[in-house]
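Several structures are given next for inspection.
The following pair of complexes shares a single chain, chain A, combined with chain B in the former and chain C in the latter.
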Partner chain A sequence: MSRDLPESGRREFLKTFSLMAGGTALLSTFPSMAKLYASSVNKSPSQPVVRLGVIGTGSRGQYLMQMLQNVPDTEIVAVCDDFKPHLDQAVALTGGKASPYSDYRRLLERKDVEGVIIAVPLHLHAAIAIDAMKAGKHVFSEKSMAKTTDECASMLKVHYQTGKILQIGHQRVFDIRFVRGVQWIRDGHIGPVTQIRAWWHRNNDWRREVIPPSTERRTNWRLYREYSCGLMTELASHHLQVANWVLDAHPVSVTGTGSINYWKDGREVFDNVAVIYTYPGGVQFIYDSVISNKKYGLEVQVMGPLGTVEMEAGKYFLENPPPAPGIVQLINSIEKDLFEVVPVGGPSWVPENPSEDKGTYFINKILYSDGSDMQLVAFAEAVRQNKIVPGLAEQGYLAGVATLLGDEATLTGKTIYWPSELEVEAIKKTAEI
Partner chain B sequence: MASRLDLVIPEIAGKQGDNVALKIRSELNRLENLLNPYLSDSIIARVNRFAYHHEVETGSELIHLLHRCIRYVQFTSGLFDISMLRTKQRLKEHAHPDDYASVRQQTSAITSVILNEEKNTIRFLSPDVQIDTGAFGKGYALDRIRNILSEEGIANAFVSFGESSLLGMGLHPSGNAWKIRLNVPGNDAECEISLSDAFVSVSGNVPKFAESPPEQKVHIIDPRTGKAVNTTGVVAVVAKSGLEAEALSTALFLADPDDYQSIMKAFDCSLVYRLMPDKAGKITKYSFKNSDQ
Partner chain C sequence: MKDTVITARQKINELRIVLICYALANLFNVWGILRFHTPWKELFTAQLWVLAVTGFLYALVWIARIIWWIVRYILKRPRS
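Now for the complex of A and B:
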């Protein structure tokens, strides 16, 4: 289907891709990914089409399908959902080309399906992803990874055992603002990271229209403990992935709290949470989320003694302002053997307002992508090449486990420590047995 | 001192440059601990907190420095006053002009600061006195930096401390001095100054000052009235000492131009520029040479 993409859209798409691959940013954040980008940008006209299935065709699944329409040389050949209206919509999205399935196991039996996109409620991620990998399919599964830490560990283990791609939908890994931000931090521009502060605020009830009423729990699965861990798995997991990525580590421990203080409508998950994760070296990741106020939106602020990076905004701020322009001019004139008058000197009074520094953008252009489409491009390319991007499954795993430990902290009020059996190396060992 | 220090030393070897920069940084840290009233453990903070209740021992450096400042207070007939920190804080807290009078009533003069040069102690006779090192700290620091540079055998250097206090040592490598042009927003009048082994201190209010909320319009206090001065304009003083330049620029910003010569005579100052708005609001430049130099 993507062969039908208008040339202008395709050009824009590849331009953004090229921007991502440029420079050294990707080489130090995800070295192997640069190869995928490069091969996708420089694709040969005769490269094989990747055939994919989509399991879960609700709103998120259909959103991903629309993204896939723009991914070069991919085809959605099968779609699956046990809710017929969503399944019909998905078939229509493919122009009737995809075969419909109500049972994902039947879809997995298709030999021509090389990979699957899983966009089902959280509690179903693990079972479907594991079945898919065991059926020889590469897997892209929406975040958060799974509903329990055991399920996360099982998914990672099967990934190691089968050698199949397991990519979790943390699109910020593919967002150029974040890629550049992580690179900038690693280059030492803000000094050692001393604290990360993040939040995600919305102002809505988080409900979806229920038709018919009997489908309330399955439609609003995010609100019920049986299916979801609420704000932690649905929102916080993204920013935990970013924190892990920035610090190149997972948290040592987490404390937290949460409550339902506004949307008292029968939901079971908290409508506000506040958690503090401690990383190695005593670096704190302070996070809160509410759905009763949206003034502050969402942000991840990475702070060090020399500066701050606002990852969502894609900009940085330096603690120490640059030298006065006059001083820079003076240095330039000395280097050029010029004797010039230097504009410097004035009263010391400045307004005691908060810093008026608007920050500096990493990318001075309107972005075509927030990473949502790029993650699918990368997945399709990895499937085409049958190559695992080292470290990518682990990003999803570590974010997923951190999210669930944070959820446990909010439920118990206790400090939760990262269990040794959930270390990546421990999972690798169990996979070898 | 909450300001950025820019140091330009031409033609210096990298290692020596690093060494000099480290020495200057170390000296600035030392001065912060001596003179920053907002550092709770600094010596001046302890003085401001306890000197009304009992004598506070400070060491000889601060006593000698304050002694010099008090002489400058006398030379300027009180226009330069280092005892106004509490007044400044009260003006920020009670920003409405109606409060000025009551604030002033609570303020005592510099005569309430008693220095004991034998015991190196300070005592305040009034609970309303606190030393405001913001009026002279950067100038003193520049004097100290000049000494360090000289000790290191550096003849040519340019130093800017928050842009309001400047030092030009020796010569620009391609010229016969360090030439600067005052960077005063709203100023149409060119004001170029040549510096060679001299300091410049700039005092005044930029136009943006006038647009600020009352609590932020507390920068220069007129000790005669206890009021913050809202005049937009600038006075720049060229002198052989950073401390003197800073004391004098504050005083001359407040002084009547007719009194400039008599005040300047007491200082080792060569030149003063006054950039003030005329009746039409246009900033006009006047220069004054010290007739005693």
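Now for the complex of A and C:
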């Protein structure tokens, strides 16, 4: 399929990838990205096609399939879903070229499938990903990693045992705004990170149209505890991955709360959550999410004594920006002397209003990619080269576990500590046994 | 409408006024640099601001002229 437009897709990929490589944060965090980039630049026109299967062809699965159509030298040869309308749509998306399956195990039996894209409801991630890796397939699975911490650990363990790629769909790792932001922070421009504040606000009921009514739970699986942990796994996991990446660590503990205070429609997951994660060194990651107000949208603010980075906006703000030219300061001073109202009884303190600094963008370029396409490009390239990108599976794992510990904190009202058995090194050891 | 003649002398005079405004704007820039201890390279890098101040001063000259012309017209107007 993507063979139809390999050159334009390839040019776009190289352009974006070279922009990302301009900042070294991605490459220093994931050194093998440099190798992927180098081999992509130097590859011959007769590069082998990567043959992929897509398991789960609902809205997200079809979105990823559309992205894959722009990825050079990839081909979707098989699609799987147990909901026939979605399966038919997926086959149509491939122009009828992909073989349909209703049982993912039959798809995994195909020898020509090198990797699978998993876009099924959260509670199914682990079983399918583990089966796929054991069947010798490389795995790209949508976020969050899995429904339980044990499942996350099992997935990482099987990844180590089989040597198969395990990439979780945290696309911000491949978003140039975040790459540049992390680079900026690591270069010390805001000083040591002292706090990260993030939020994700929407104003909708988060429901999908249900046809027929008997499919309510499987269609709106995000709203039910059996399948999902709601706002934590569906939204917070992205920003937790960013916090882990920025701080190059996972949280030590988390405390939080949540409730259903607006969408009282039979859902089982919270419609609002607020959590505080503590990282090594006492750095706090403060996060909240609501789906009853969208004024503030979403953002990740990384703060230090010298400045602030707003990752989603791709901007930085300095606490003490460079002064304006002397002539401008002089004009402002004269203007102030002439026109400012001097109160008779002035305030005894200066109001601590927010800074009016508009910030500076990391890149002066209109972005058409949020990393969703680049993550698939990277996955396809890693599959082609049969090379694991060190650290990438762990990013997904640490974000997944942090998300689930946060969910546990909101449910129990207790402070939850990161269990030692969930350390990456501990998983590695169990994989070696 | 009759043709307007701007003499060479008038042109040189206007040019002199603009140059004086420009010189004053540069002095204003030097004052800003000294008062706020900013780098001397602003003598060159802040030239856009200097040009803006030049324009402002030249506009002031014209406002002063227009006021003078109006006052002169009122004073010289024949009384009925």
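In this text, the second predicted complex is superposed on the first by the 392 of 433 C-alpha atoms of A that agree within 3 Å, B and C clash if a C-alpha of one lies under 4 Å from a C-alpha of the other, contacts with A are read in each partner's own complex, and residues count from 1 in each chain.
Assume a contact is a pair of C-beta atoms (placed from the backbone, for glycine too) under 8 Å apart; a residue touches a chain by one contact, two chains touch by 3 or more.
Please read these numbers as outputs of a predicted model, since none were measured by experiment.
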First, second, both or neither for A:209, with chain B first and chain C second: neither
Chain A residues touched by each partner, larger count belonging to chain B or chain C: B
Touching partner for A:432 - first (chain B), second (chain C), both, neither: neither
Touched partner set for A:112, first chain B, second chain C, both or neither: neither
Partner chain in contact with A:330 - chain B first, chain C second, else both or neither: both
Partner chain in contact with A:338 - chain B first, chain C second, else both or neither: first
Chain A positions touched by chain B in one structure and by chain C in the second: 323, 326-327, 330-331
Chain B partner contacts - residues on chain A that touch it in the complex: 320-321, 323-324, 326-327, 330-331, 333-334, 337-349, 351-353
Of all residues in chain C, those that touch chain A in their complex: 28-29, 31-38, 42, 45-46, 49-50, 53
Touching residues on chain B, where the partner in the complex is chain A: 3-4, 6, 8, 10, 138, 158, 160, 162-166, 172-175, 178-185, 192-193, 200, 202-206, 208-209, 212, 216, 219, 234, 236
Residues on chain A engaged by chain C in the complex (per definition of touch): 323, 325-331
